[in-house]
Amino acid sequence: MRILPFDYAIRNLGRSPLRLAMSVVGSMLVVMLMIAATAFVRGMEKSLADSGSDRNVILLGAGSEESIERSEIKASVPTQAAASLRGVRSTLGQTFISSEIHMALTVGTTRDEQSKAQVVVRGVDLPAFLVHPQVRITQGRSMNPGANEIIVGKLAATRLGMDDAQLALGKTIWFDDIQWTIVGRFTAPNTVMDAEIWVPLNDLKVSAKRDTISCAVLTLDDDGEFEDVAAFVASRVDLELVAVRESEYYAKLVAFYRPVRVMIWVTVALIALGGILGGLNTMYAAFAARVREVGMLQSLGFARRAIILSFMQEAALASMAGALIAAAASLVLLDGVAIRFSMGAFGLQLDAIALAIGLLTGMTLGVIGALPPAVRCLRLPITEALKAA
Amino acid sequence: MIRPLIDLDLDVEAGAFLALMGPSGSGKTTLLNLIAGIDQPTHGTLTIDGQNIGALSRSKLAAWRSGHIGYVFQLYNLVPVLTAYENIELPLLLHKLSRKERHRRVSASLEQVGLADRHDHYPRQLSGGQEQRVAIARAIVTQPKIIVADEPTGDLDKPSALAIMQLLQALNRDMKQTLIMVTHDPKTAEFADLTLHLDKGRLAEATVLA
Amino acid sequence: MISPTYIPLILRQIVRRPARTLLTVGGIATAMFLFIAVQSMQQGVALATQQSAGDNTLVVYREDRYCPFTSKLPEHYLPRISAIAGVKSAVPIKVIVNNCRASLDVVTFRGVPSDSLGDQLSASVVVLEGSIEDWRKRSDSAILGETLAKRRGLRTGDRFDAAGVVSYVAGIVRSDQPQDQNVAYVHLDFLQQTVDRKLGIVTQFNVKVDDASQLESVAAAIDAEFRFAEQPTSTRPEKAFVAQAAADMIDLIGFAKYLGIGCLAAVLALVGNAILLSVQDRIREHAILQTLGYGGMLIGRLIVAEGLFIAFIGGAAGTFAALAVIEWGQYSFSIDGLSIPIQASASLIATGLLIATGLGIAAGLVPAWQASRRTIADCFRAV
């Protein structure tokens, strides 16, 4: 099949600068939106997925499997678990079992003035750093118990809608009617912990007036089996516990947010649909004006398929131009932007997949945009086409 | 400066059938468009039926056209998404007529051009000759004073062209409407009472049919 | 603006170019669908968080807490609250949610004393199925809000298992209060036994005041009463409480406002584009109309009217599709046990239609003006 020169498609783009501009801008907007939505969803999913490790097991209060913040277990559970369970990792005599309290609290820079957002405050002891190796202190030091000291995660400021400077080392914040001093900053990239505030466990117990903890998180060693933990939980009915793999817990959270993700995708699909319909209109008009030209090309000997291919090249060029601009703009404007969302915060994930999806969208817009109008244009017999206005 | 028409002085009697001939660029279409009120003179006066139409504003000229002129184009120029009936009805919408009255007139025009059975056909469903007949019906439906035709048979084969000219001639005779036609074909011009030859914007000669 | 005589002509132009018309109408419908959806969310936020004059409910919560799980107030606060001047009634409520985080499918239980359900539900509540009497008869029974029942496909007599609580559906109600629509009301002691394994702890107290203008003063009085107690309180008007707790979600929804504006811009662009293209395609046609005697202004008005019709049809399609989806889905956001409904009111529908039509007119103005100015000669030269 003899195909039309690629040059033909390129030159035809310049026929109507206005139409070309409309196509490029339309494609750019839709692709940018697609990239943003993908980055949002991937960021959200990743921060949840990476938060959970396969080798960690969470002991929660029975009935609270869906939400650690709701869970309450006896403070003695970690000790009892350490005594009864084999297969729990330990190093230099320190067992990898972390007692933790997770609470969503409002904090403020002064006693009276509260930020409107809540942040997850996690009461922890030293083992927490062993059980959650993703956490690294980047500035200052870890907190000392009994001194109202805290450390804050990298995205905590975003979470609270505050300036990062307000949570710098040495600054103080208030919650539970107590003033706390920031002695360290940590990062736990792509996990929910990145947006948390960590407090010594006992200090939080005192300030929150509670004698129970939320959960115990333990790390299995190479020989350890989840089933052993499950057996322990089943045998100690008095403790009213339930054991969940940390990765499963966060996977459930990802599933919990499915309606929100669905909503985002539906919105994006609708906007893309609107863009496609507008683009189709433009293409119909563009090709309808060339019916006679198409008849002439056919009379020269070019097959219908060759002409359709050329039209598609033209449309794809315009939409890919828009897509590339969108990709570049997104990289500059969107990558890493922190979003506050439902008790946490995460960064937009503008990775290869998000960009690939965006570019693929651009390509698809071009192809879909050209195909129906091109086919319609070529419907007429050659003699009719040559007579067309 | 291009002057398509120079020193043209022309009187046309009501009811006459006039043909304008001349080579390409002689100004015949320009003259036709002036008479039809779709173009305006730069110098001189253009009086039709006692009215100096050269002095009318655009909107008044449009109103004058709807009452006085029926235009037949070479390429028919029917609206593709309207049926034959609806194409013919178009000019009537500008007049304050009831739907019944419009229907009566459109049906009468369709009869006159012999297309009553194709009233619901779209232009793409009609032959060239039939399309031109619809165009003629559209031109006469408002009973205009003047029908202007720009190469009405230019796009038709011989038999169709003959039929169209016979129709136009009959209309001119029966309805006493002035008919001014531009053509480059002497055979077509023979249907007219009077043929004017234009050359480079000037009137060259006049031939009267015996 | 335009004589009815020309309406059939305009409609024919629209209907007999089905591909182009459908594309434009489809695009507008899509944009308006989104617009209505976004506005419905905004309306839901307004409904749930903005106080109206007659509001007379306060929520007494544990200070500095929002997740219902973390607010634990002693039930014995009740008589002290009831004794405060201006308090008409006070109901202790225990709130259990299956998840503290915000999403579309949170299940909220509210445990109320058996004889207080009437106080708690709004006066305009309509019982759709079952009865409150039935609820009183069983200790594990639940009265469900209409939205929750629909979302989970529950009818009277079903067992309802969520958040570690198993209850029996005794009735389904419809209320004009968004908070009631999404909640399962159970007996307070039942919930306390099931979750705490003991009595005596509640999440909050819902207080009704005698006089709506006294809301702030009564709130201050309640907080003053418990300032130095073991569990200090923070008392706010119910809607302000929702606004604070759901600030996150509200931020996100507020951001969607820009999406709504974007949708309207898209409608304008789509109609404008369609009209521009069709005017370009029909230059010759407009010349013909002019030769027939149609004036430039009339042709301009025909173009604007065409844009108006297309925009109206598309707007209506999108608006009613959105309405259907919202009604069928009964969506609402839940956060910390509070509900923000997604609702489309009649005034929103009317606004949507009006805006779409207005945009249709606006989009056609410039192409119409240009077309009206073109002389016949220019038109024929252009093709």
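When the chains are written out, they are named A, B and C in that same order, and each has its own residue count from 1.
FYI, a contact is a pair of C-beta atoms (placed from the backbone, for glycine too) under 8 Å apart; a residue touches a chain by one contact, two chains touch by 3 or more.
Values in this document were obtained by computation on a predicted structure and should not be read as measured data.
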Centre-most chain [mean C-alpha coordinates]: C
Centroid comparison with subunit C (C-alpha atoms), farthest chain: B
Where subunit B and subunit C are represented by their mean Cα positions, the distance between them in whole Å: 62
Distance between chain centroids, defined by C-alpha means - subunit A, subunit C (Å): 26
Subunit A-subunit B separation of Cα centroids, rounded to whole Å: 70
Two or more partner chains touched - positions in subunit C: 284
Residue ranges of subunit A in contact with subunit C within the complex: 22, 62-64, 66-67, 69-70, 103-106, 114, 116-118, 175-177, 208-209, 253, 256-257, 259-260, 263, 267, 270-271, 273-274, 277-278, 280-282, 284-285, 288-289, 340-343, 376, 389
Residues of subunit C defined as touching subunit A within the complex: 19-20, 23-24, 26-27, 30-31, 33-34, 64-67, 69-70, 97-105, 163-164, 195, 230-231, 244, 247-249, 251-252, 259, 266, 269-270, 273-274, 277-278, 280-281, 284, 335, 383
Complex interface listing, subunit B residues touching subunit C: 33, 36, 38-39, 58-59, 62-67, 69, 71, 73, 77, 79, 81-82, 86, 90-91, 93-94, 138
Of subunit C, residues touching subunit B in the complex: 5-6, 9, 12-13, 16-17, 284-285, 287-297, 376-377
